[in-house]
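Please find the structures below.
One chain, chain A, links the two complexes that follow: it is found with chain B in the first and with chain C in the second.
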Partner chain A sequence: MEWVNAVLQGTLLGGLYALFAAGLSLIFGVMRLVNIAHGDLIVLAAYLALSITAGFGLHPLLALLLVVPAMGLLGYALQRGLINFTMGGDILPPLLVTFGLSVIIQNGLLMGYTADPQKLQAGALETASLTLLGLTAGVLPLLTFALAVAVIGALQWMFYRTAMGRAFRATSDRQDVALLMGLNRAHVFGLAMALSLAVTAIAGVLLGIRTGFDPAGGGARLIFGFEAVIIGGLGNLWGTLAGGVILGIAQAIGGQIHPGLQILAGHLVFLAVLAVRPRGLFPKMEG
Partner chain B sequence: MAEPLLAIDRLDVFHGDFQALYGVEAEIAAGEMVAVIGANGAGKTTLLSALAGLLPRPAAAIRWQGSPIGALRADRVARLGIALVPEGRLLFPSLTIEENLIIGGRMGRRGPWGLEAVYRLFPILRERRAFAPAQLSGGQQQMAAIGRALMANPALILIDEISLGLAPVVVRQLYEVLPAIVGEGMAAIVVEQDTSRALSVSRRFYCLQEGRVALAGASGSVTREAIGRAYFGV
Partner chain C sequence: MDVTRASRLTRLAGIAGLLLVVLLALAPWWAGRADLRLLGEVFLYMALATLWNLLAGYAGLVSVGQQAYVGLGGYLLFALTILAGLPVPLALPLVLAAGAVVAVPVALLIFRLRGAYFAIGSWVIAEVFRLVAAQVAALGGGSGASLPPAVVRTLAEGRDLREAMAYWLAFGLATAVLAAAVAILRSRHGLALTAIRDNELAAKSLGIDIWRTKLLVYVAVGALTALAGALIFLQKLRISPDAAFAVNDWTAFVIFIVVIGGIGTLEGPILGTLVFFALRETMADLGTIYLIALGAVAIAVMLKAPQGLWGLIRARTGAELFPLSRKVTGIPSGS
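Right, the complex of A and B next:
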């Protein structure tokens, strides 16, 4: 039974990893940008929520109403004001600039909030749980997983059913021809980054309630997000959810075998998938 | 004389260090169909790409209704009402045929063309509207690429190598619909290697040779010999 429980807890944890990954997957899909600062932006969103909850006395989930648009705006400004200038034929400049951004965010947070670990206080939600058929699951992990499914469903719908999604796919397909459709590439990229960081805001707040955070915690979130994207297959959002779940289950089972194995087991499964299926388990079909 | 729709004045265009166009002069009036002919590598595709804003070009060398547009980005040029049907179709592979058409009309310019009108012009596209571009034949893809440009209701449509790689019967079909397109008051510049076909549909022509206009005039009155000399430079 405890193994079944481990799989359940791992699956729910996978929801959080999918939220880490969805924004990465989105911007890679639209503009082939690998955002090294993604994990630090997740942590930044958590700190933003911390300040809002402390300042206004809001519940962290209510703070999302402010954190999500704020991160979205930041994403648009960041893309148009900085990252767009590095986008071109070469993949290296944006990589270096987002790496620099990562260092700046970490040190900025260190100056503003000190190195002390912080946590978002969500009251009864943190400990509430449901028991069914002898299995117990926390309400927060269940909520996280449900939000992950909702976010990925919404992104999928946006991508395949809306004018903005068409613009994203067209720009991803052929940037030059997209210009001929009157699409302003800088604006399209800005929107993609805005959406990516809006998802990051949700991930950051849930992370902050669940485990707490400190200024140096971005790197691990970036790795988990990357691994979920790669396991699931580039360019496939539902695959990203599956990738997150596989990573979560691997960690939970590893932790069940030996507590020290938890993180390592996730990396090993990632490497195994990379060795056997380099394009991920569910790569996007080329049309 | 009234201001032409588009005027090209001493247009030099470079691909890196290589100069592809030398002082090209040309113009087109509203509603007019003009052919650009010339051998492979004469600079025809370069000319259309420069007009559409995809290549760097001198700011003052291209005037649209009297205003210089040489410094505009391609998306700004498109918004003025200049649509390019690129060589090789270049449909968006991850969009369905219908989505390719819809995105062509996203700028919302007014005019006679919409999904219904394009489907009436090319009924096969209605049947294949949910297909991916790769599932269509080359001719059907060319129809979709023309349809995508028409959806923008442009004042000027630039069509690059309309017949390249297509079966003769398909080429004939496409040329049959061209007058209907220009009949809607749209001007067209058609780039074509098939000289006689290009001359038969156009009112005027420009013949490019190694990046320069070697001959220009009325399509109806030019002799084969004159074209031959301008085409091959002999």
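Right, the complex of A and C next:
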């Protein structure tokens, strides 16, 4: 029974990883960009929520109403003001610039908030749980998973049913033709990054309620998100959710075997997928 | 008419370089203990930067996971000396060999990823190494271990001689790495590498085995980075998983050094290392502001002068200190 429980907890944890990954998957799909600062931006969103909850006495989930648009605006500004200037054929400039951003965000947070671990206080939500058929699940992990499904469903709908999604797909397929059709590439990229960081905001707040955070924690979040994207297959949003779930289950089972194996088991499953199916389990596009 | 790689400047730089090597080799006699340690650190960073530059600047393998090899080298040194009881001088060549042996299967795995995904894949490998190191109870697990005095004494008796030995090892590694880079770049493999750097598709169409060339570079760089790691932690005398596999210390700063100095040139990483240490020694009191400034400078250089400081100097003067590119001389005028 404890193994079934581990799989259940891992699946729900996978929802959080899918939220880490969805923003990465989105910007890679639209502009082939890998944002090294993605994990640090998740942590930044958590700190933003911390300041808002402390300043206005809001519940962290209500703070989302402010954090999501704030991160979206930051994403648009960052893309138009900085990252767009690095978007060419060469992979080094975007990589280096986002690496620089990562170091700046980490040390900026260190200066503003010290290295002490922080946590978002969500009251009863943190401990509430549901029991069904002898299995117990926390309300917060369930809510996280539901939000992950909702976010990915919404992104999927946006991608295939809206004008903005059409612009994203057109730019993804052929940038030059999209330009000829009158799309403003810089603006489309800005919107994609805004959307990516809006999702990041949700991920950051849920992370902050669930486990707490500190300025140095961005790297691990980037890696979990990246692993979920690769396991699920490039360019496939539902695949990213599946990748997150697989990663979460691997970690939960590894942790069940030995606490020191939790994170390692996730990495090993990722490397195994890479060895057997380098394009991921459900790929939709070429790397 | 004559085709040559040497020029007046490269000959002059060669002579000046030789003099500098002799002068720096004598440093234990003219530098104080603190200065000697700083110089040793400079040379280790110079070696790391030159190695990363070979990987990213020439072979197009932009890795952000070289801390995997720094940490591996450090941990192997501690394991071979503390657990296997080997003296340090015997352990160092074994670290070099082990670095190469580990790099082969790692390359087979992460070469499946392309571009930026290769970069993060290499970081995952480093995380795996870190988590494994934290499980080694005999080396202190997550909290790490110190090098016992008995082990340190196998390097040399007496503190002064030991400090001098540690310095010579660091200096020797940096000069050896640089000399090896010059030798490789002047060989057939270097021609292949330069072709890959400039245009991978064109290089492939000329019959260059890109995968094999990249594998060779990756393995050689991995082995030498492991040796650099062993020397770094020989100097520090203490190791822990978080320090040994730190992405900021062993990869982010190294990348900033190479980019600020000039990627894809041999002079760039040397210049970048000097700039990095000049900034660090003058701004270290400012703590985190210094790191923020470093990140901002690297971003600014990448956007405004992607060829780096050395690229700016070379564009303006045509200067080249290492005899690498070929020039035609002695063309009769008026014909």
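Everything below uses one rule, namely that the second predicted complex is superposed on the first by the 284 of 287 C-alpha atoms of A that agree within 3 Å, B and C clash if a C-alpha of one lies under 4 Å from a C-alpha of the other, contacts with A are read in each partner's own complex, and residues count from 1 in each chain.
The rule we apply is simple: contacts are C-beta pairs under 8 Å (C-beta built on N, C-alpha and C of every residue); 3 or more make two chains touch, one makes a residue touch a chain.
Bear in mind that the values here come from a model prediction, so they are computed numbers and not experimental data.
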item	value
Touched partner set for A:F270, first chain B, second chain C, both or neither	second
Chain B versus chain C as contact partner of A:A167, first or second or both or neither	first
Partner chain(s) touched by A:L183 [first = chain B, second = chain C, both, neither]	first
Touched partner set for A:L101, first chain B, second chain C, both or neither	second
Contacts of A:A115 with chain B and chain C, given as first, second, both or neither	neither
First, second, both or neither for A:M1, with chain B first and chain C second	neither
Touched chain A residues, chain B compared with chain C	C
Touching both chain C and chain B, counted on chain A across the two superposed complexes	287
Contacting residues of chain B [partner chain A, same complex]	52-54, 73-75, 78-79, 83-84, 86, 90, 92-95, 99, 102-104, 106-107, 132-134, 148, 152
Contacting residues of chain A [partner chain B, same complex]	163, 166-167, 169-170, 172-174, 176-185, 286-287
Chain A contact footprint on chain C (complex, rising order)	56, 62, 64, 109-110, 112-117, 119-121, 123-125, 127-128, 131-132, 134-135, 247-248, 252, 255-256, 259, 263, 288-289, 291-292, 294-296, 298-299, 302-303, 306
Contacting residues of chain A [partner chain C, same complex]	32-34, 36, 82, 85-86, 91-97, 99-104, 106-108, 110-111, 219-220, 222-223, 226-227, 230, 260, 263-264, 267-268, 270-271, 274-275, 278, 287
